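Per-chain numbering from 1; labels A, B, C, D and E assigned in written order.
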């Protein structure tokens, strides 16, 4: 028979939280072009774990991380995940980092019946809900919220979109925004794209956007691209309208004149000056202490991911199996740095979105958009 | 002035030169003959440092050549016209010749030296701007010889300079070699055209599979029965 | 010479220009079956270029040539070779990493009929043919006394044997006309004599025509029936070896007189280039 | 020296037994449950890498032309197979998953092969680094096109979304089936390179002008090799798609292609054995280096440089492991009593179906 | 009128990135010219230079010097890195291996530099302080950024300088000789190893200058920044004719212009079928077409081997 050759049959493990410690596996992108995001997530994980252990662990057991790098490569990610799933001590997994690797891990998680929470894999096309969950919002959700904010709060009529086709996040959010904007009656006067989301030169597209008379530019890119390239270049071709972006703008890298970032808005999970959420303040403080740097979204999402697992494992009890953990994550209510939310049926959180505005180089709380 | 003692050279497992000793005195033409693969080229390459020796010694003008950097050897006054010409194919003929003078501290005589070479090889004057890579084989050989002359050598090692040349030019080359000697330049000549080589040389060595099997006055070797049979085709 | 009229090779007004430089012009030649013709001339006269034209390496800019009555202009090298012209190269070009036998087998390739399927499934047909060809290759190598070296890597052969292997490889293409470019270069007179032997053997045994470029006059004069002399791309003389040896133009441009009193005045300078050529050369160089 | 105690047929038999033994090992590991999905995943990845590397070796090692676009063909094969499989599922064509796997994978190979020919004809007019850069360019073009195709993203077919990963591909790749595909690939490549075709291709590598002058249609042969390489790259892609279950356009990028080139050079250009060993080795190495955590890739690059410095011809050079030769030696040792050392090596690498061929 | 202004500013957008490509391509061409090696690590030399800039600019500005003075430490570090890479890795491989081995070594060095700097500096992006404070030059509505003009001028000056250096100086001639035939070069009295080292030093020094111009235009560093930049610049060098100094310049500017113009106009021209997202593909397509028509690139010399 060929059954042994099938890649699907998992010699389903009987992993239990029975030892004197709890192991959480992590798969993140720590080398290659997306290493910065994975690195931030790991810092979030580690901060959470050290806090948890300092307070006595989960159910009295110390938490250990078993960390794997996936180089941003699907094959490596699945190898890493398989390695974790074969390890009976691993009770749950945090990761992977990017959507591309998460897409490959999703079916493996189901097959291994191992609860996996991806902190920041936002792509709509990832199959979630079974054993794969996420801490962040989906691309389409964010795109819609941004369109609503543009129409209702900024009251613009003409918008333009710029996104990178080489990156699922950028194109996913961008397309979602354009679709939602049209539905809301906004006119999408220009839709431009770049070959990848880490180009450095966008002037050509921005010039066209400027010429199209758009009042708002929606440019879903990461902080490392929007900050030093897109916004300054937009300003230098004479675009003076609003610039909006998604949570990837968190931790925007600023260069040159800070005032050029005025009129920039972005949707995200938390705000440093949100006084209603004490968790945020604590998180930022202890992150700074530990890493001597400002945290960004990815660190925050990673931090929350570990706490989500903690809450689930606690709920599942002292002798929790993997299955128990998964059941505990499903539909859970969670209150963390990145918001207060409930896991929906498809394994994504329904959470409120915070909109920040850049003022003289500082993100300032603008408003909170509640989920519909 | 050039003295080789018990020289051994090998390429990995292949022993190409197996303990040869020879010497070339000032103002001599010494010819080195031998069948294909005998180790003639290897010997010349070892002298000018292109190939490392395994053991033995080479001294020139009191310098230990085996301890001299290959690129310094030309400054001691020794030029090498390598087998297969090795011209700089994407440089013009003139640039090739100028490269020959690279080692000279004083570049002022360049023009005169060029004229001297063009005197030897009028063909090169015609083609001075052509890229050397597009020259015919014989023309390239002229470039290689001319280039060696540009370094004001006291000694020239020549590896099959007549290869691929027309009979007229072969004569020309041998004439040049004779002229060179008249001007006080020492020549170590490797040749397949043994008859010609022996007829202009003062002394000669016969190399067979890495060993020197005969040596003596060139005129004697020219009439030696064994040499005639093996190398002169008669 | 041969009475069944059709020459093996007929070339009419062949010529080629390299960016203004007329390397060969108005080249005419007829070779009949079994003939051995010499092509000589000063260095750079255009001899190798003629070979390159005849084997489709260069496309002639003027003129035409026929092999056995079939027009060959514009054919690719392999087509010309399959039609029946094979050559050797002035600078030896062997398949260095292949064995001696494989060098020959490659040139036999056209005579193989088995296809990829047979090769992959190792059908009996495959074995039969490989074995046959192996025999044939060894037979061919035997002519050159190379059969003992069949499994030696070509790069490891001494120079003289490399030359012979190149000829053997050319023969394996099953040609009607063999072009040899300076086969004796770099050989001493004894080795040259041995080569001469080989050339005679193959001409007799295969009944092919041979066109030979060579600077070694002893070889040329002793084997060639006719000799054609090029200078500056043009034919300056053609005829029997005796006629050529005594042709004053050939002597002054190529052979040189036997008395050497004009020591360094090598006589290429006497064959003054035409002004137009000198000019084009300069243009060429400037490019 | 060439004393041989095995006939050709016996040689093949020895190889076949060797392969069977290797398969036995794989099967024993899987059936006994010793190999969990991690080990199986690595074996699967290694099989894919072997197919890629050996077929790439045909172009790089045997033909001597450097290409940096092999993953473009792998991606074509992968996307074609994935979409075909999705189509067959959607259309409700009820066949056995393994049959579907085979059909779609083959289809991926064929389409990749067609592209190989289309790209090879113009590209192979160039040589060396120019060919490398032009094939790199083709790979990148393929990547950009895939990333802009609607059908190549999201759920694919009519539910596709450009710029997204293609997901939900039926994961029908079976390790045993893939093992045999790998064996067939290696055997075909081996037989090809030990035939008149391979000889001709090697001749082109050594001297293209002389090859033409020996009557070889060099253009045809070069394109043929390119097409074969592309075909197997497509096959590898088809397997990959149906193993991993989701695809990304980045797989077509040059960085991935370079990885396989590294494998070829690392193993030794022209050596199938070398390609196999290095494909396995370089698949496992990063996994072993996981212990170094953050310094993993650093360690990997250091290993690469060191190997290149101390073993520039690659681990195997152009040497081929031959089971029959080994058996011969053992038989001869029985009679003559010498040559013992390399038997251990044979055990380490039993899945090499190489032969001391024919011409015995 | 607006259309024309738009077009001209698109041209300048192209020249801006193009002149950076050109500077990088010059380094590739120098090294390739001499040892026929695609120095895959060259893009990473730029990354090294950029990190040096990032680290030293604050100190230099604090000393009251203009920020661009940081190019001096950058050049020093890059030259050191370049020469060390050459001596430690390329030279031993060059002496023993073949061109393919050398290529893999270069790739490995690139990986090493990338992962090494990640280990030292972390993977995250870091910004570089503003380097030039040049005003834009305005022609009516058309604004031409000062640092773009500066980059172009620097590129042209360096190109001319290199060309003169290689053609007329002793060391330059030695480089050409070594690039063609190392054996013959030795016989001319040229020290091959030091000539190659010198070439690497120049190439790496150029990388530092390129990183200055790059960071002026795109003020951010990260360990991976050199990979794509290096590839594009290499494509530029090939397009221009690798080994040719003016070719590198032309190739770089051409790639920049092609990118910018396709991003701006391809959508309109093709009626939206092909969008600006295809710009990378179009750059490669043009490269392919050029190579097929002229296999040695725009300025490359045909090395047509004489048979």
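As a convention for this text, contacts are C-beta pairs under 8 Å (C-beta built on N, C-alpha and C of every residue); 3 or more make two chains touch, one makes a residue touch a chain.
Predicted, not measured: the structure shown is a model, and the values here were computed from it.
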{"item": "Contact-graph distance - origin chain B, target chain C", "value": "1"}
{"item": "Interface with more contacting C-beta pairs, comparing A-D to A-E", "value": "A-D"}
{"item": "Most distant chain from chain B, judged by the mean position of its C-alpha atoms", "value": "A"}
{"item": "Inter-centroid spacing, chain E versus chain A (mean Cα positions, whole Å)", "value": "35"}
{"item": "Centre distance in Å when chain B and chain E are each reduced to the mean of their C-alpha atoms", "value": "43"}
{"item": "Separation of mean Cα positions, chain C and chain A [Å, integer]", "value": "72"}
{"item": "Chain D and chain E, separation of their C-alpha mean positions in angstrom", "value": "34"}
{"item": "Residues within chain C bordering two or more other chains", "value": "48, 57, 89"}
{"item": "Sites on chain D at which at least two other chains make contact", "value": "144, 147-148, 209, 294, 297"}
{"item": "Residues within chain B bordering two or more other chains", "value": "134"}
{"item": "Sites on chain E touched by chain D in the complex", "value": "32, 36, 38, 89, 92-93, 96-101, 103-105, 107-109, 111-112, 114-116, 119, 227, 231, 234-235, 238, 242, 275, 277-278, 280-281, 284-285, 287-288, 291-292, 295-296, 305, 307"}
{"item": "Sites on chain C touched by chain D in the complex", "value": "55, 57, 76-78, 81-82, 86-87, 89, 93-98, 102-103, 105-107, 109-110, 112, 114, 116, 119-122, 126-127, 130, 134, 169-170, 172-173"}
{"item": "For the chain E and chain B complex, residues of the former touching the latter", "value": "170, 173-174, 176-177, 180-181, 183-184, 186-192, 301, 303, 306"}
{"item": "Chain E to chain A touching residues, read off their complex", "value": "2, 6, 9-10, 13-14, 16-17, 115, 118, 122-128, 130, 143, 145, 217-220, 222-224, 227-229, 259-261, 263-264, 267, 275-281"}
{"item": "Complex contacts: residues of chain D adjacent to chain C", "value": "8, 12, 187-188, 191-192, 195-197, 199-200, 202-203, 205-207, 209-218, 318, 358-359"}
